[in-house]
Structures are given as structure tokens and as C-alpha cells.
Amino acid sequence: MTPELMKEIYYYMALSRAVDDRMWILNRQGKAPVVYSSNGHEAAQVGSAFALRRGEDWIAPYYRDLALVLAWGMTPREVMLHVLARAADPNSGGRQMPAHWGMRRLHILSGGSVVATQNAHATGIALASKMLKDGRVAVAYFGEGSTSQGEFHEALNFAAVWKLPVVFFNENNGYAISVPQRKQMAVVDVAAKAAGYGIPGVIVDGNDPVKVWEVTRAAAERARRGEGPTLIEAKTYRFVPHSSDDDDRAYRSREEVMEWKKRDPLVTFEQRLEAEGILSAEEKAAMAKQIRDLVNDATDYAEKAALPDPATLERYVYAE
Amino acid sequence: MAVMTYLEAIRAGLRQEMQRDPRIVIWGEDVGVRGGVFRVTEGLQQEFGEDRVIDSPLAEGAIVGVAIGAAINGLRPIPEIQFGDFIFPAMNQIVEEAARMRYRSNNDFHVPLVIRAPIGGGIHGALYHSQSVEAFFAHVPGLKVVVPGTPYDAKGLLAAAIADEDPVLFFEHKAAYRSLRGEVPEERYLIPIGKADVKREGQDLSIITYSLMVSYALRAAEALAQEGISVEVLDLRTVRPLDRQAILETAKKTGKVLIVHEDNKTGGIGAEVSAILAEEVLFYLDAPIRRLCGPDVPAMPYSPPLEHAFMITPEKIAQAARELARF
Amino acid sequence: MAVMTYLEAIRAGLRQEMQRDPRIVIWGEDVGVRGGVFRVTEGLQQEFGEDRVIDSPLAEGAIVGVAIGAAINGLRPIPEIQFGDFIFPAMNQIVEEAARMRYRSNNDFHVPLVIRAPIGGGIHGALYHSQSVEAFFAHVPGLKVVVPGTPYDAKGLLAAAIADEDPVLFFEHKAAYRSLRGEVPEERYLIPIGKADVKREGQDLSIITYSLMVSYALRAAEALAQEGISVEVLDLRTVRPLDRQAILETAKKTGKVLIVHEDNKTGGIGAEVSAILAEEVLFYLDAPIRRLCGPDVPAMPYSPPLEHAFMITPEKIAQAARELARF
Amino acid sequence: MTPELMKEIYYYMALSRAVDDRMWILNRQGKAPVVYSSNGHEAAQVGSAFALRRGEDWIAPYYRDLALVLAWGMTPREVMLHVLARAADPNSGGRQMPAHWGMRRLHILSGGSVVATQNAHATGIALASKMLKDGRVAVAYFGEGSTSQGEFHEALNFAAVWKLPVVFFNENNGYAISVPQRKQMAVVDVAAKAAGYGIPGVIVDGNDPVKVWEVTRAAAERARRGEGPTLIEAKTYRFVPHSSDDDDRAYRSREEVMEWKKRDPLVTFEQRLEAEGILSAEEKAAMAKQIRDLVNDATDYAEKAALPDPATLERYVYAE
């Protein structure tokens, strides 16, 4: 990976964290009733995004994927319009809860809240790509809890039989809201599930964006060569509660959280770039300022933007 | 014009559409090599290849979920659910995903998709090969639900469903497949979704119905004509959206309404039709709105006496209509 | 008598039943350590142990399917679906298995099972945490569907649901959890499933409703009383089976019916209620049967102006009732 | 395995084949509108049945399991009452299609037609057994096609997490109606799917009842010891079409069928018992006569039995 690319990845990780932090502030201010965070997952998301053809390949994200969609090309303004449910929100016009991404132009598939359904959608996108020979790869993102859903299984099986150009990217943070992985499955690695579908299952340190980039690139290339899907398991952690409605002290110790925080992907990657002389102090400061300005601008912009007109409530149920 | 069965009309429609539009792809259980368990897709894999007529794994959730993704990335999928009874594993994808993709994305995405499935009974199908499942979907904003009652309608509505930019459930009555015959044009024609059709004009009372029951109602009307009772038969053709205007008009015209469907009575399509009437034309009615429907048991049992007791017949319709006419 | 919220009444009911019957087991997502995302099951795992309050994998199909097997082999399971919106992956098990186990086995097997799920909106839940899903299940023979509207009813109906020998869906309105308070007896009491309740007597018109809308209708009735309009409020309490007698009686008494529910209008519970009236007491009616329901869009959007436009309010009910009274 | 047990297993395999053959005759005579066959699967079904506590453990069969339910204790008369949809059919009172087994007294769970749902039911039965400490094991039977269903996955995962006393018994005959296994899954062995659940996956020759008996016994003992579920894959073949409505010539060659017929489990087991001197010519003849008589008796009995009274149509929707 080139130093430039490493810096770009770092930039998006830092941008995402900053947007994320701002969302929580807006939540506490009563301006954003619900917040879902990617805090802790940035390396997995941004590393994988840069391994793909951003805007041309398809991603099917879930609510945890703020850093992913930022890296994919959604602007902080667009994110904030969504978080504050403004009419101009390009994801849903303020109709969906925050973190329900979707922009056709960028090839970000619109997602609902029902977990695991996007695996089948990505599989279908890939089926179309294969038939239409458009060269695209589709990547579905999902939590480890959602792998218990039957639809996860059905999608992987279908994709494997037809050797479709799709990648199943698991962000394993060890919890599904309060339920720890050991109550969710009797295996240590989500990647072990690949064996039942006859596809490769790859485990990667989800806190290392470079490693994530590598395995995702390999999986995407494999898909593009017509060799079928890959299941990637990126092991990571979420540093904050499941959502702003959650209180994670009920189900995990502060010691556990602190232990993982030592491996905060943003901090460790920053240290690495500094240690390797890739990121200078000036560059870092400039980036920080740029990000601060962007986040402030996005917040102001979205706060001033109009709310949806109630008269639009019944629009777009069907083609008009 | 060629005379075809209901099944042949659907097959001809699929073939014609696939010839016209290379983006159309069919998949489902046994639809390829075997041509479907009812043979609706027979010959299509030979004609269009294994890429366009796909034998899928046995997983209705994926069959529909994959179709949603494929539709979004440029195909026009027509997945088949082998029996309406087995559509429930796909319920989540249909109701929570396909139906609301357009709404939730504020018109950024949409899902042009036709899900075909056979419904209904009377063919020794028992509890799990006889169900009428249309009412579940007719309740869902974002879906369209088509229930043809003649070969002609089946082909024309299928073409319209495929042309539609939103998800359509296309429910074929399996007892109609080989029992109904009629004239069907060779050339392509579209019957608009959401328009009911007066299949027979009459003065004394209206039967409002759909799917297989249309032909049964027509037989009943024929029999009653001999007795001097003039029956109008309105074929809904699609149960979402309902053709409110046609429903109100026939009720205003005759003043007496008998709603007939094979599906269980409680919460069936008849309830909504009746509620529309009670809301809009109550004072035009000369008699209570009657519903003749399947009894409230979980589909029809296998043993012939029980199946027969469940099924609605032309005789039962005639009897109900006779009583209503005399009201 | 203790005053409790709707949520506390349900929790007290669960605790009381679990103390009474060691066969009762609860499972679902986050119900144990976390006490449920709404805290309905808070404290129950501490009191009854990890064996009886189980944090299950994230799989609604299995949550219900496992409950069916467990009920057959001697437990009395009360699985929780975290949000009504997420019940569709379990639709197949509920409709095709639980509902028809007794019928298909000719009474050899049965499934005593209570599925709890929160429904409804008005709490910034957006498209996927606000849905009203009761109509899908009210259409299914073999199921019972309970929709309490007060803390008192919630506890008594829960006890009856648990005592029932057939599968019951117990839908709790999430906006009611903390907003509704009322007197709730400590001791165990059962409110019969299938009996509606006149929550307020009146002469000029009847509002027929259920769940959260009961309290809204009562507020509307209160307001209208000031204007000299006397409103009867009938709380259905269960939407399958419907209490036909109570529905017919109130309609005969007042001659004017307004049906109110938060669920989408088309094919909702109101359709069946209206159809029953049009079938049985048409000539007692002095006005068209009105339905005031959620609009036909896929649940309510997130942004406050849109959510508000969707929700039915006491004011909207009062307005509709006022118009009907003047008819 | 004792010679006595081998003979008993042989007897039930032969009985099942005879009942099966009679069903097809009744179908051709127009007396049984639909027939589902266990023809070819007898070794897998009977071998596994005898490895369990028949009538005390629970089985959750599917429509392919005629030999299983006969070995479990259902009589030929009871089977024929079901096939001919008579009122006295103990499985369903004539309500269900043939081969939809269920008898509470024998702990045979009532099954519907929707494939794979019984996996969750068996899991739930096992959960109750674990809680109530009744010592029972539950066994779900299913075809390899049905493993593509999401509910298969959900059930195995749930059972594995809670280490429940349940066995998942797959009868892999290589086809789901017309769809061959290679279009159903991208693995050669259904047993490979066990890896994703952290449970043992065992492959066994489904045409050898002794081997099936052994692995089933081991799995049941493991379950009873509280060590959790096992997935057993019994490789076998169906010699007849999927059902009387099917025509298998459309999707498989006669050569393939003939090749498998050489390993017909009934024939090969009979030869083995004869070769090992376990089954004498007289014993064999006596058994054949007994079976013939039983099948004739069952057919006559059922043909004379009353059909259901249409007045019962609306009974037993709810408790009465």
C-alpha cells in the first residue's frame, strides 16, 4: 500500500470518528433522537472500501457503517442531513432512522433495519453483474449477530452455488446489542461458517486497515475472476453502546472496554503512520482542522436545512 | 385467435416477454430442467438458456431477496414460488424489503419484480398445497397483487406486471391451470393493473370476485338467468390496488352485493371490499352485503369429503345469490 | 390498588405467572441480562435464573420454531420478538406451523404459546420500529391476537393468554409502555380472550378501536362530551377472535360507527369490523361506517413532521367523530 | 449388533418396501391421489430408529419417512388409514396429504409440508427435555435440499449454542425433486455444514443399516450426555420419482438409477444376512408371508374404513 493511500485511509477514519462524535453531541442536545455509531469499526470499514472500486462496485451496508459510506463518497453534509432527518437527506429524505444508508448514484444500496436481508440483495446484484457482465463486485456488510438469521445462510449458499461476484464482509464486534458471541454461536470464528458453503472464510484483524484492505482486495479480485464469493471476518470492537438508546454497562465490564481501547484503530494507525514517517505533525494538524471545519459546516448546514413537508407523506409508495 | 388453457396463456406470456426483453430472468425451484412442477415454464430453459431460467436452491427467502438485488442492478426478475403455501419464508423480503424500497429511499431505488405463485385448491392439495395467500399481501402498501381469472386476463396482466416498475405478486389459480380455456391473442397486450372488469352485466345483484371464482360465478349467473335473476359479475382482477370506482358502480347499479372468494372469510379481500361499500355507498344498498368465502379453517383438508365441504362451488354461489336476490 | 404503567403491568404479570408455573420459560433477543430493549423483562433473569429467561440467538424463525417444539414437549414458552417489525422471519413458523398444528393433527397436538411483541409508533421509531402487524395474524385461523389498551387489561389478558391452550400473539403498544398508567390488582386475574369491553358508554355514536387508540379515543370522547356529543368507546381487546356480539350491539345502539386504528387502512382490522356490520346490522346504521386509520404508506417515517402526519391523535379522532355525529 | 436386531431391522425394511409398493398400486388404481415414497431410504430410516428409544425419544419426520414411522411403531393399518385419508387416520384424521406423519402417543411429531421447519421443533423439544430432565433425545429428519432453508441454519445454531439433546439426521438422496445437489449447495457433503455450528458432522453410508445404527447411537448418547447436537448425513438414493405427481426421467438418467439400484439397501442387507447365516430361507419366507398378510389386511381394513364426516370440517381449529 502506498503512503498516499495510507494517509487517505487515515483521513477517512478520522473524519468518521469526528462525525460520529458530533452525532452523539447532537443526540445529547436532543437534536438527534437516535444515533448508531461506527466508533471502533473504522479500520474495517475504510480499509475495505479502498480495496474496491468506490462508486462503481456496490456496497450493501448496515447501520454500523458510517465510516464506510464516508469513505465511499458520501459527504459529511449528506450524512448530517440524514442524521437530522432533513428533507434533503439523500439517503431517505428524512424517512429512515439515522444510519440507514442508501444512494443509488454512489451504488450504496438502501438498507432497512431488518438484519441480514442485505446479504441476499448483494447476491442478487452480483447475479445481475454476472449476467450483464458489468464487472462489478457487490459487498454486503453485517454484524456477527445477524449471521444467526436464516437469510444469511440462504444468501451465502445461493451465491456459492452460482459463484457470484460478491463478498460477505462481517464486522465482528463480539456483541449483538447485549448478547455476547458465545450465546450467539458455538464457534469462535464467524469465518468457520464458510466451510458449509464451500467458499473461503478469511479472518482478519479488523483494527488494522492495511490488512483489511489486503484481504478485501484479494476477495474482490477472486470475485471478479468469476471464482465466487468470500466470507471475510474482521474482528473488531464497538467502543460505545449499541445505539443512543442502549446502556452497555449492563452487559460488559469497563475493564473489557478499556482493554480493547488500547487497540483503538484510529489511535494505533495514527501512531503507525507517525512512526513510519508517513504522517507529519503538520499534515496531521492540517487534516484535523479540515475535518473540524467539515464537521462544523455539515452540522450547520443540516441544522438550517428544511424538514420534510408533511404533505409528502404519501408520496413514492409506487412509481409516480 | 388461438384457444389456450390458463397455463398455456401464462407460458406464452412469459415466452413473449422473454423474447422481447433480454433482462428478464426466471428462477425458482424446479423451473428449469423440469419446467416447473406444474410445467408452466416448460421449454423456456431450452429456448433461453440456463442463464435465464435458473434452478435455484430450495430457499424462498433467497429466491425473493436475490431478485430484489438483481432488479436493482438491472435485471427484470420473475422468481417463482413453487406453491403459494411456501411463500412465508420469503415474507420478510417481500413485506419489509421489496414493498418499501421505493418509499424508504424517497424514490431513489425501486424494485421491478414479478413474483409468480400458484394459489388455491380443489386438486387434492391438502393443507399445504391449497392456500389462498393474497390477503396477506393486499394489506401491504408498496405491493400490487394480481389474481387473473381467465386465460386472456392472465396473459395481459402478466405483461402489465412485468412492465410495472414496482413489485407485483402474480397469483395463478392452480385449479384453473388446465380447467380454464379461452381465446388468447398471439400479439402482446397489456391489461392495466388496478382495473376491474365486468365479466357479465346484470341488474338484480352484483357478484364481486376474482381468480378461479370468476368462472364459478359466471356459471352461477348463467344458472340464475334461467330462473329470471339477472346477475352482474365483477372480476376484480387485482386485489391491490382495488378498483374502487368499479366496485362502487356495480353496487350502486344493482343495490345488492355478494362477495365471493375461496380464501378464509375473516380478514379476506371481501372485508375490504365490503368496508369500501359501507363507507361510500351505504344508502344505495337494498340488502346486507353478503360474503361467501372459505370457512375459517387453515386451508382445505385432503380427504375428498372435507375438501369438498371447504370448496366454494357454482352451486353454493348460485344459492347465496338466489337468497340475496330474494331479500 | 397499585398504580402501574402499562409496561409495569406486563412485567408484573410475567413475574406472577412464572412464580405460579415453573414450566413458563421466556426467551428472545436481549431479554435476559439486559432485561429487554424496553426493560419489560427486567429483573426476571435474576429472579428465575438463566434457564428460564434465555438470551437467544438473533433469529426470530428459531425463536418461534423452538417455542413450538418446547410447548409440545411440556413447557409453556413466552418468546419475545424484539419489535413487531421483526416478526416476519418467524411468519412461516407462526402461520404454517403454530396456527395449524392442532388442526392438521386432528386435535392430537396443540401449541400453548404466547408470542409477545411491541407494535405501533409515535416514538421516533421510523419505518422499522413502528409497524402495526396485527392484521396479518388476525387473518389466520388457529391464532388468537390480543391487543391490550390499558395496564389493567394488559395484565389480565396476559394471564389469559398464558392459560390458553392455543398460540396467542400478544401485541404491546410501545408508546403505551410508559405513557399509560392505571390501577392494577396485585392478585392474579384473567380477562377472557375474545371479549370486547365498553370503555365508555354513549348514545350518539360508537368508536370501535383497540390498543393505544383506546386511550386516544377516550380523550376524544371526553372532549366531545363538552360539545354535547355522547360517544361510546368499544375496546376490542382482541382482534382475533373478534367479539361480534359487542360490535353489533354498540352499532345497533348508536347507529353510527367510527372505527379507529393506527395500522394502515386497507385490509386492516377495521375492514373486517365494517364487513361484519354491513353483513349483520346494515339497516340499523344511520350513517356510513367510517374508518380513521393509518395512511397506506409503509409505516411511519422518522422525521417529526412526517411521523406526526402519520399518527392518529385524539384531535383527529374527535374531528372524525364530530363529522360523523353531524351526519 | 445382535443377529436378532439385524433381523428386526431387516423385517421393518422389508415391511416398509411392501407397504410402499402397495401405495403405488393404490395410486395407479386411483384410490390414493398422491404418494410419497421412502423407497431406497429404508436402511437409513430403520437403522436410525433402532438406535433410539422408540416411542420415548421424539422423532420429527418428513414426508420421506414411511420406513421410519413403521419401525417406530406405527402399524400398517394406521399407515393405510392415512394413505387413504380415512376418518380413523391417527396422523391427521384424513386432513393431511399422505406421508404427513404425527402421533403424539408414539412421540412422532406432526409435520406439515413446509420443509425444514421441523428442525426448530426438534430443537425446542430438546430444550424442554433439557429443562424438564426427561432424558429424551429429539431427532429431526430432512432431505439435503431442505438444508438450503434459513430455518435449517437457525435451528442448528440455536441447538449448538445451548448444547441441546437433538440429532439432525439428513437423508441425502442427491436430489430435491429435480434439482441435483450440485445446484443446491457448493459442498460435496452436507456434513460439512456442521463446522459452522461447532458440532460434529458425520457421514455414513445410508444404505447400510448397521453403520447408520452405530452413528445414530453415538449421536444419541452424546446428546444424552449433555454434549449437544450432531449432524448426521446418510448418503442414499430414492429409486422412484419424488412423488406420484413427478416424472424423474426428465432430470436423471435410467443408467444412474440402475447404478444405484445395485446397492438397493433391502437387497444388499438381505444378501448379507443370508451370507452371514443370520436369516434362513424359511425365516425369510415366513417374514415375507407375514408382511404380505399384514399389507393385505391393512389395505382391506383401510379401504373399508369410513371417510371423514364433512360436518367435522370446522373442528379443532382451537381447543374445544
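A, B, C and D label the chains in the order they appear, each numbered from 1.
Please note the rule applied: contacts are C-beta pairs under 8 Å (C-beta built on N, C-alpha and C of every residue); 3 or more make two chains touch, one makes a residue touch a chain.
From a predicted model like this one, the values you see are computed outputs, not experimental measurements.
Asker: If you apply the touch rule, which chains end up adjacent to both subunit A and subunit D?
Answerer: B, C
Asker: Write down the chain pair with more C-beta contact pairs when A-B is set against B-D.
Answerer: Output for the comparison: A-B.
Asker: Farthest from subunit B in C-alpha centre terms, which chain would that be?
Answerer: When every chain centre is compared against subunit B, the largest gap points to A.
Asker: Using mean CA coordinates as chain centres, what's the gap between subunit C and subunit D in Å?
Answerer: Roughly 41 Å separates the two chain centres.
Asker: Roughly how many whole angstrom separate the Cα centroids of subunit A and subunit C?
Answerer: 36
Asker: Two-or-more-chain contact residues of subunit B, please, as numbers and ranges.
Answerer: 56-57, 59, 61-62, 85, 88-89, 92, 96, 100, 103-104, 127-128, 141-142, 296-298
Asker: Multi-chain contacts in subunit D: which residues touch at least two other chains?
Answerer: Counting only residues that touch two or more other chains, subunit D contributes 92-93, 95-96, 100, 112, 114, 148-151, 154, 157-158, 161, 183-185, 317.
Asker: Counting only chain pairs that touch, give me the topology of the graph as line, ring, star, complete or other.
Answerer: Topology of touching chains reads as complete, every chain touching all others.
Asker: Which part of subunit C faces subunit D closely enough to touch in the complex?
Answerer: 23, 25, 51-52, 54, 56-57, 59, 61-62, 64-75, 77, 89, 92-93, 96-97, 100-110, 141-142, 144, 164-166
Asker: What does subunit A use to touch subunit B in their complex?
Answerer: So the residues of subunit A in touch with subunit B come to 58, 60, 89-96, 100, 102-104, 109-110, 112, 114, 117, 119-129, 131-132, 134, 136, 138, 150-151, 154-155, 157-158, 161-162, 315-320.
Asker: Which of the residues in subunit B end up touching subunit C in this complex?
Answerer: 85, 88-89, 91-92, 95-96, 99-100, 103-104, 127-128, 135-136, 138-142, 240, 242, 264, 266-272, 274-275, 277-280, 282-283, 285, 287-291, 296-299
Asker: Can you check the complex and tell me which residues of subunit D touch subunit B?
Answerer: Interface residues on the subunit D side: 33-34, 85-87, 92-98, 100, 112-115, 145-146, 148-151, 176-179, 183-185, 245-246, 250-251, 307-310, 312-314, 317.
Asker: Which of the residues in subunit D end up touching subunit A in this complex?
Answerer: Interface residues on subunit D, with respect to subunit A: 148-154, 157-158, 160-161, 163, 182-187, 192-199, 228.
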